[in-house]
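Paired with chain B in one complex and with chain C in the other, chain A is shared by the two complexes that follow.
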Partner chain A sequence: MSEMAVTQNDLRVAPAARAPGDEVFKWLTLVMALSIFALIILIGWELFEGSKVALHRFGWHFLVTKDWDPVNEKFGALVFIYGTLVTSAIALLIAVPISIATAVYLTELAPLWLRQPLVIFIELLAAVPSVILGVWGIFVMIPFLRDHVFPLLQKWFGFLPLFQGPIYGVSMLAGGIIVSIMCIPIITSVSREILRSVPGLQREAAYALGATRWEVTRIAVLSYAKKGLYGAVILGLGRALGETMAVTMVIGNTPQIVASLFAPGYTLASVIANEFTEATGRVYLSALFELGLVLLGVTVLVNIGAQLLLKTFAGPTVKPQH
Partner chain B sequence: MKKQILSILGGAALLAAPMGLNAQMLINGAGSTFDYPAFTKWFEAYKQIDPDVRFNYQSIGSGGGQQQLLHQTVDFGASDAPMTDEMMARAPGKILHIPVVVGGEAICYNLPGNPKLKLDPDTLVNIYLGNITKWNDPKIAALNPDVNLPDLPVIVVHRSDGSGTTFIFCDYLCSVSPVWADTVGKNTSVKWPVGLGGKGNEGVAGQIRQLSGAIGYVELAYALQNHMTYAQMKNAAGNYLYPTLETVSAALATAKVPDDFRFSMVNAPGDNSYPIAGASWVLIYQHFKDPARGQKLVAFLKWAVTDGQKLSEQLDYAPLPENVQQRVVKLLDTVQ
Partner chain C sequence: MTAPNHRWRQFKNGLMQSIACGCAILVVTPLLLIYFHLIRYGLSSLNWAFFTQLPKAVGEPGGGMANAMVGSLILLAQAVVIGVPVGVLGGIYLSEYGGTQFNWWVRFIADIINGVPSITWGIVVYGLLVVPMHGFSALAGGVVLGFMMIPLVMRTTEEVLQLVPGGYREAALALGISRWRTIVQIVVRTALKGIVTGVLVALARIAGETAPLLFTAFGNLGWAHSLKEPIDSIPVLIFNYAISPYPDWHRQAWAGALVLLLFILIINISVRFVTRDRLRKQP
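And then the complex of A and B:
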């Protein structure tokens, strides 16, 4: 980030003669950038329009109501918000260490001949359609987790409420794991690019001070690239919050709030995908629209929260010295 | 001058005729995914009968089918649940319900050793209400004295996506249990007291296959084609029946069908009527804006509910019984 600021300043100082093409280019890019804002606002507006009936009927209670009862037209988003946050948290807990470790290996440690093939594999993983991952989740991942992984977790960590209760296989934990698989390629690719952009001088300086390989990676590379890596994680988070198909297939689709990660749950995106096609009542449809609005809101809030967290906890980053 | 124009037009007609595109009428429909395989088969076969008409059907779900019909963006809708009075009141014209296919639902389960089970309505309701939690529950044992039932927890599976299958299943539970009708009710999605949700027939079937002790409802066609184990259900006459195309057809033959065809055929009377079954309807306006289109569509529907039934039977839909076929054709005669 700070590096970018420096280069921009350099450009502004450089007193090049302004060609008319530059002006056109500037406005063109501005329009492109604004079109993204416009798109988000338009989506938000449409969702708001669609959810008017539900907004009017349930008001703020929609956010704190646990009921989801299409027969009696009682709707609330709380269980789905909970499910979305829990699966995303699990996904990031798994994906972030794996992705960053992979990126470090790829840029710092891996022999050169191995780097490109590994990168290709990671990019292939990103190209797997989520419905395929979901089917794989049902028929391969779930039985494996249910018969081998979950019982072990229960044996070791069964004293925690998180790992108690009956094991069905389909669960919030399974949902989180499948989302983590989808986040890994994104976080890894972006992290790798960021680590690659760390100047070689940084590393050489650390080596010159007698640092070991781990110390070089920690001090010279990771802390230098910290902010960029957080950005990579936030991109992954966006993917996790909105993931629909694969999660729907493995999460068990039960609207409830329970401490156990082995229990089935439900996410905002899943319930919309599940129920939108066959919903007929006006209030019902409107409530589904409102869930979409809530998802948009949750995404915005979580992103803002993550940014604030960065500001407070990241502390002063090592300023690059040029 | 006139002659010239005529000859030009004639030439154009000659050119257009072999291409066939301009002469053809395209009829648009949208709705139920349950009907989609039947429609595909019918549209293909109907090319031989009337080459001048082509169909375009979007299987976007029953809700979408009803909406698009209300907004008159399609010529016909298709829905697994009849339209409510509230929806009908919002329509700009009178809507007819034309039953086109009938399907049953199998109660599938997964128990060690694949025993053959019998279930009655009371037991099924209590399983889905969460009152029966073990397979060796006295209620299940009383119905199956010859089966050695395991001490396994009952894992209830239901559809998570909104679906006509859920509507029919809950319609059945409502018809046999006032408790279900009061506490849960019926819709394309409901607030389930217990259980896991699977997406689509394949999702429910997948969970049943994988979880020992699971039970769930699956479309009969899917259960037949995937060789699943399913239970004999006790019908209204007290007989235990497997769902088959015959027992499902028999249910419609004996069900009470009102003149507007917005019927429910669950728990139908008759010795050979399987109790959990439902129809899917094509929805059309009684008055077509474009009478030529209306005629073509009506001709197709008449064919579909009579001769077409033999084709849909190949896809494991139960055929409409003779008495219903005749009544539907009569209803179609009223379309203008």
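And then the complex of A and C:
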């Protein structure tokens, strides 16, 4: 920037410096850039304002209360926090190994002619809106899971409490699976960027020691990129926690805490989506605002973690994609 | 000389490579299945009426999504009016004036905002506009989408402007052209394709947004006559139809989903054509 400063000084004596537009333009663009800060303050402020009634009434107990009873105005977030955590955990369990393996395939193994088309496919998957995935989830995935996959899981793993109980189709497991489909493109493309930024010398050194391709990947690439890959996974987590439409359509929307993954559940985002317009009464609406505040707090923290990990790993070259 | 564990290492190598390949296939499968089912169930419900008629009452077959299509376009137009000027001008500041530390913070916050769940955006604009205006409105829907567009456009604008060689700026300044005209007429014009690409990508992303519209634009089975009225949009209509118990509405939901996905696909493909340009970073 220092040479720019010199240019500016020189311009002060040049005739063009009299152009009145310069200062105006600079200030105009500055105000627009500052709008980013205004937006984040606006988000926090509106949610906080809206939640005041609930915050005042329930305090910290809100986070650990199981009840969600609009009739008697008793509200707690625990059931929804539980549902959100379970679906996100399932989603990451599925998405992380698959995404990282795919990223490895894309950067290390796939024949060159295949890489670009595969990347395009993954971008197209990322472009599928949540609501369309939800439509597909309701009418195609749920019947398939209910009739074929879930009974099989119950037969094999039925001794675990996770896979017991009646099968409805709509369930926390289905929610987790649909969220995993939404997370895979982001985790894959960010991981791919990270693996691509691993210096080629790393690989060559490992090859020179007689390592096989997998060994090169494990020793030279994956362990080198570990920190960045954590960043990619946490970015995926942030996405999973806030996923709304597709989950709402397949999770069954029942506020309960049960061990079985075949049972319907409810997430923070989906209860807001379902009940916000029906909320009657100040306390009910305010409780929903507070659920939004909880969701915001968690996702912002998770995203800060992801951004810091990604930035320390690779500087500005790795651009997180959403 | 072969090491004693050579065979085992070779086997492991082959195994891991096949697993990675299998995972890549697994990632592509849902995409292909979604497109397959959308075409299979959606195409048969697409007809002239679908594009020209209003939704019919439950039980009456036929009807269409004309109001939702127009509604979606109105919402997107508002989003562009809000998101593009703010995003592009802000991106210009970051690229042309901003200091390192200021830019780091703006980028950081912009990325955080991009990660905010879209449903919380809906709540924010509900509190900001719907409550004071005493009702859901097309304006609130456009504002929420516009807000979501700002950080997206700002980030891409900054990136493409920085790809413009510094020599262009210096040459223009040396000719005595003022700084702001240099930026507008030389820098921005050189990077215009990249900026347009960024706007289109952002547009493709918000075109499918449903959650933030649920309690801002709300929905409207007829025409909205002003921006103060609730308005329908394709994503919200798809959602409402899909969770309804009526098979006829389910068919409409599939058709709507097909139209929406094609719209997004066309934007993405046209972006690919535009980006075959010297100013884009090669992948």
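General remarks:
Definition applied: the second predicted complex is superposed on the first by the 257 of 322 C-alpha atoms of A that agree within 3 Å, B and C clash if a C-alpha of one lies under 4 Å from a C-alpha of the other, contacts with A are read in each partner's own complex, and residues count from 1 in each chain.
Following the convention adopted for this analysis, contacts are C-beta pairs under 8 Å (C-beta built on N, C-alpha and C of every residue); 3 or more make two chains touch, one makes a residue touch a chain.
Remember, predicted model here, so these are calculated numbers, not experimental data.
With both structures placed on the common chain, the touch criterion links A:E46 to chain C but leaves chain B unconnected. By the touch criterion defined above, A:T277 lies against chain B and chain C together after alignment on the C-alpha atoms of chain A. After overlaying the two complexes on the shared chain, residue contacts for A:I36 are found with chain C alone; chain B is out of touch. By the touch criterion defined above, A:T254 reaches chain B but does not reach chain C. A count of residues in chain A touched by chain B and by chain C gives the higher number to C. Shared-chain residue A:W68: touches chain B; no touch with chain C.
Residue contacts after overlaying the shared chain place A:F121 against chain C, while chain B stays out of touching range.
Of the two partner chains, neither chain B nor chain C is touched by A:I234. In the superposition on chain A, contact is made by A:Y168 with chain B only, not with chain C. In the superposed model, A:P143 lies in contact with chain B only, and not with chain C. Common to the chain B-facing and chain C-facing surfaces of chain A are residues 138-139, 249, 273, 276-277. The residues of chain A lying in touch with chain B in their complex are 67-72, 138-139, 142-143, 146, 166, 168-170, 248-249, 252-255, 264, 266, 270, 273-280, 285. Of all the residues in chain C, the ones that touch chain A in their complex are 9-10, 12-13, 16-17, 19-24, 26-28, 30-31, 33-34, 37-38, 41, 85-87, 89-94, 96-100, 102, 106-124, 126-128, 147, 150-151, 154, 159, 170, 173, 176-181, 183-184, 204-205, 207-211, 214-215, 218, 235, 238-239, 242-243, 250, 253-254, 257, 260-261, 264-265, 268, 272, 283. Contact residues of chain A toward chain C in the complex are 1, 7-8, 11, 14-17, 19, 21-22, 24-26, 28-30, 32-37, 39-40, 42-43, 46-47, 49-50, 97-99, 101-102, 104-106, 108-110, 116, 118-125, 127-136, 138-140, 181, 184-185, 188, 212-215, 217, 235, 238-239, 241-245, 249, 269, 272-273, 276-277, 288-289, 292, 295-296, 299-300, 302-304, 306-307, 316, 319-320, 322.
Across the interface of their complex, chain A is touched by residues 33, 60-64, 66-67, 80-81, 84, 87, 153, 155, 160-164, 184-192, 195-199, 203, 206-207, 210-211 of chain B.
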